[in-house]
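What follows is a pair of complexes built around subunit A, which joins subunit B in one and subunit C in the other.
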Partner chain A sequence: MIFLRRQLPIIITLITGLLFAGQYYVPHPASEQMLTSATKWMQIIGGFALILGVTSLFHQHAVKIGRQEAGWGYSLVLYVAMLGTIAVGLWANGKESVDGAMTAFGWVYNFMMVPLQGTMFAILAFFIASAAYRSFRARSREAAVLLVAAVIVMMGRVPLGEYLIPLSGDLSSWILNVLNSSVRRAILIGVSLGAIALSFKIIFGVERSYLGGGKE
Partner chain B sequence: MRGPARLFSPITDHVSLITVMSFAERMLKIDRRIIFLVIGLCTLLPLLYPVGLPIKISSEVRGVYDHIESLPEGATLVLSLDFDPASKPELYPQAIALLRHAFKKNLRVIALTLWVSGTGMAEQIVTQVAKELGKETGKDYTFLGWSPGGQAVIINMGQDLYSAFPSDYSGKPTKGLPVLEGVRNLKDITYLVSLGAGRPGVEEWYVFGKDKYKFEMGGGCTGVMAPGLYPLLRSGQINGLIGGLRGAAEYESLIDQKGKAVAGMDAQSATHVAIIVLVIICNLFYFSMRQQKSVGQG
Partner chain C sequence: MDATVFGAWVATGLTLLIFSFLYKDTPLFKFAEHLYVGVSIGYTIVKTYDTVIMHLIVKPIVENGEFALLIPVAIGMLMLTRYVPKAAWMSRYAFAFIVGMGSGLAIPRTISSFILKQVEDTIRPLLSMAGPDGLTFSMNLLNPASNLNAIIILLGVSSVLFYFFFSIEHSGVGKAVARTGIMFLMIAFGAAFGYTVMARMSLLIGRLTDLIEFSDASYGRPTLWLVVVTIGVLVVLSRRAQREPPQES
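Presenting the complex of A and B:
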């Protein structure tokens, strides 16, 4: 059992990790075919991951409802909404409209999901404004630099800002293209080097936390 | 200062200090509903009474426009609508403007999404613009829908498009569709634009798509994501970037078909200026409070 739990996954990771890292540099048809097959597998596994995610969500909320934990009413709403959507989705064969006529699934999507998600995102503007007023203060030199940069970019990104301060557009563009790009690139390089190092650690079995911490 | 005036001045100073401090403190702890009201009005009023300030076109947006403009009739454009309804205000106008441009140029459009929750909306966008410009599904455009796997879908499309999407969203087999004639995989496409609101999005299309399958690519994203994509833009990894509502408004101006984005720019202008004014006021109160405190301690 330890072999199946520990050694076998490490062997699979080692072989596939090295194989597919090498595959990128080998344009032979056999190598390309191998990648095609593997990505098909990945798509199928992706589909199963979705089922796994939904099942796990159902289980978690079922426990909450069963124990009547704090906020279990929301879990009930989630259950009703999910089961209802799945039912109308299956009924409509996953289509929002058939021959131009909106299905029940389309109605749920257009008149519930779209406005709800839109509202959630729109509310952000109000909270950002409130948070900016309360916490965007020049407490230190670094905070002052950040504040000035943010004000310039905010002014330069809207027509009214450019109209009031004509230079703000060019200044904002310079901040985004030069300062922001170079700093982001440095962060990206650092993150990528870290990812490469972590990949090697996983491939060669040094990093094993992805195997889980179950009993041996 | 002499006599009684000198005697009483510290007391009056102290009184004014308390008044100023309490006022500044009160202003800093202002009810957040007042801020919400200000932002609400700044959004609503310009939408009701638009001003229509001129929009300057940036080189980033022009990059995408110029590239599409340079494509010959019948060239293939892949449009990946990688967003859900939460990002609709910013990315929906971008998608509409891009599709109008592509259809006017008689490009063959292959649309898809990597976000399951955006499938219905993406289909509506493509169908709406195609109908508006008299385009026929299967011949002038196709909507492939969504397939699970995220970046695996990109690699799979790069290897074999028909394996990634054996049928389009309406269930028609993709093999034999006139719009896909001569297209086997991503190596055969002319241009790709990903309108992304997160992951998978523009970055994934570059890393798993363009880098390996060598096609030209542009991007579109929400305003908050745009600074993160500038390194790709500056290094030429993407040849243009449509950032947020501003980018969409610029694109609408370029194709001379002003829509929701241009209409929304006045509201965004007012909101940005309101937030800047709020931040400046908050800092003024903060510094006045700090100064008064240090005077009080001295």
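Presenting the complex of A and C:
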């Protein structure tokens, strides 16, 4: 039983890991076909992972409603919104428009989801600006550099900024395309090295936390 | 009422409910927040159902007889054994498959795209060949591919990597290189901050543009009416909160 519960999953990881790492170096149509099929398989299995997450959310809010805990009314709103959207979505076969005409699902997307999502992220502009006003102080040389770079990039992205500081547009582009990209590149190289090391550890069974705890 | 006009009223109302958070965390905002989560999850479920269940499983099996797709379905089903304590260990097969495959796919592709390609783009010729005359050195800062920028990028990448990775004491020349790396990092953080702020501003302008559009008479001026209603509700809620005794913590 230990073999089935503990060792077989590690063997599956080892075989699939080596197989798909090796696939990259075999430029044969069969190898390409395997990659295409595997990508499709990943999407299918990922769909089942969504069920896990959604069920957990369903359960959490169902308990809240059942016990009538504080704020249970909001959980009810969440439930109604979710089930309503699922109902109209299935009714419209998941299509936002049919022959150019907006479906009920498209209406929910355009007049509920887009405004809610857009506004939710838009209000962050106020909080970022407020936080920056309170915390941005040129206390050290590094903080001053950060502050100046942020101001130049902000000025360079709007016509008024370019009008007030004519150089800000070019300077902003230079900061983003040269200085910023060099740092992003260095960070990317570092993150990639870490990801490769982790992948090797997973394939060879050194890292096993993804299997979860519990009984053997 | 026309669906678009009704939609304008709903969109305006929801936008104002979210904006009410700028005053404080009110029940109006909480209502909109939970509505947003519900609609988003519902939308994701429908899209996943349509893409995965219908287009990747049902249609290929029914129309093309691709019964091999039942294998990933079976692997996916194993994930659901998490809900049966005695059989929960079987979900490990699904996770082992996904994680193993993801790791295997990641290794060569990460090395190729994110390390070798990035290093190749960083270590560029510091001088350019310009026709039969010989070598030139372009100083145009506005051209990211110029020789001067190539040197700056090389300096930036090397110094940031040095700051992060070389676990030696940052003293002498090492200190100067590490300090240069910090300066590059600070510029990048500042740029990222400025860029994010402006992206959010752009979203805000989009929402305000919609509110202005929906204040038109052709929609029945929902913006004006709903602003008044929202402010009225906020005033009522505020008065009610003042009358209620403070809750004991």
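The rule is short, and it goes like this: the second predicted complex is superposed on the first by the 205 of 216 C-alpha atoms of A that agree within 3 Å, B and C clash if a C-alpha of one lies under 4 Å from a C-alpha of the other, contacts with A are read in each partner's own complex, and residues count from 1 in each chain.
The rule is simple: a contact is a pair of C-beta atoms (placed from the backbone, for glycine too) under 8 Å apart; a residue touches a chain by one contact, two chains touch by 3 or more.
Remember, it's a predicted structure, so these values are computed and weren't measured experimentally.
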Classify the contacts of A:21 with the two partner chains as first (subunit B alone), second (subunit C alone), both, or neither.
second
Mind working out whether A:160 is in touch with subunit B, subunit C, both or neither, as first, second, both or neither?
first
Let me test your reading of the model: by the given contact rule, A:111 touches which partner, first (subunit B), second (subunit C), both or neither?
second
After the superposition on A, what does A:169 contact: first (subunit B), second (subunit C), both or neither?
first
Where does A:82 make contact in the superposed view: on subunit B (first), on subunit C (second), on both, or on neither?
second
Quick one: is A:192 in contact with subunit B, with subunit C, with both, or with neither? Answer first, second, both or neither.
second
Which of the two partners, first being subunit B and second being subunit C, lies in contact with A:138: first, second, both, or neither?
first
Which holds for A:29: it touches subunit B only (first), subunit C only (second), both, or neither?
neither
Tell me which of subunit B and subunit C touches more residues of subunit A.
C
So, does A:129 touch the first partner subunit B, the second partner subunit C, both, or neither?
both
Note: overlapping subunit A surface for subunit B and subunit C spans 24, 40, 42-43, 45-47, 49-50, 109-110, 113-115, 117-118, 120-122, 125-126, 128-129, 132, 147, 150-151, 154, 157-158, 173, 176-177, 180-181, 184-185, 188
Which stretch or stretches of subunit B touch subunit A in the complex?
28, 30, 32, 35-36, 38-40, 43, 53-56, 58, 84-89, 116-117, 120-121, 123-124, 147-150, 152-153, 155-156, 159-160, 163-164, 212, 223, 226-228, 230-231, 233-235, 244, 246, 265-266, 268-276, 278-283, 286-287
In the complex, the residues of subunit A that touch subunit C are 4-5, 8-10, 12-25, 37-38, 40-52, 54-55, 57, 71, 74-75, 77-86, 89-90, 93-94, 102, 105, 107-126, 128-129, 132, 142-143, 145-154, 157-158, 170, 172-193, 195-196, 198-200, 202-203, 210-212, 214-215
Looking at the complex, which residues from subunit A come into contact with subunit B?
24, 32, 35-36, 39-40, 42-43, 45-47, 49-50, 96, 106, 109-110, 113-115, 117-118, 120-122, 125-126, 128-130, 132-134, 136-138, 147, 150-151, 154-155, 157-164, 169, 173, 176-177, 180-181, 184-185, 188
How about subunit C: which of its residues touch subunit A in the complex?
3, 6-8, 10-12, 14-15, 18-19, 21-22, 30-54, 56-57, 68-69, 71-73, 75-77, 79-80, 82-83, 88-89, 91-112, 114-115, 118-119, 121-122, 141-142, 144, 149, 152-158, 160-161, 164-165, 182-198, 200-201, 203-204, 206-207, 210
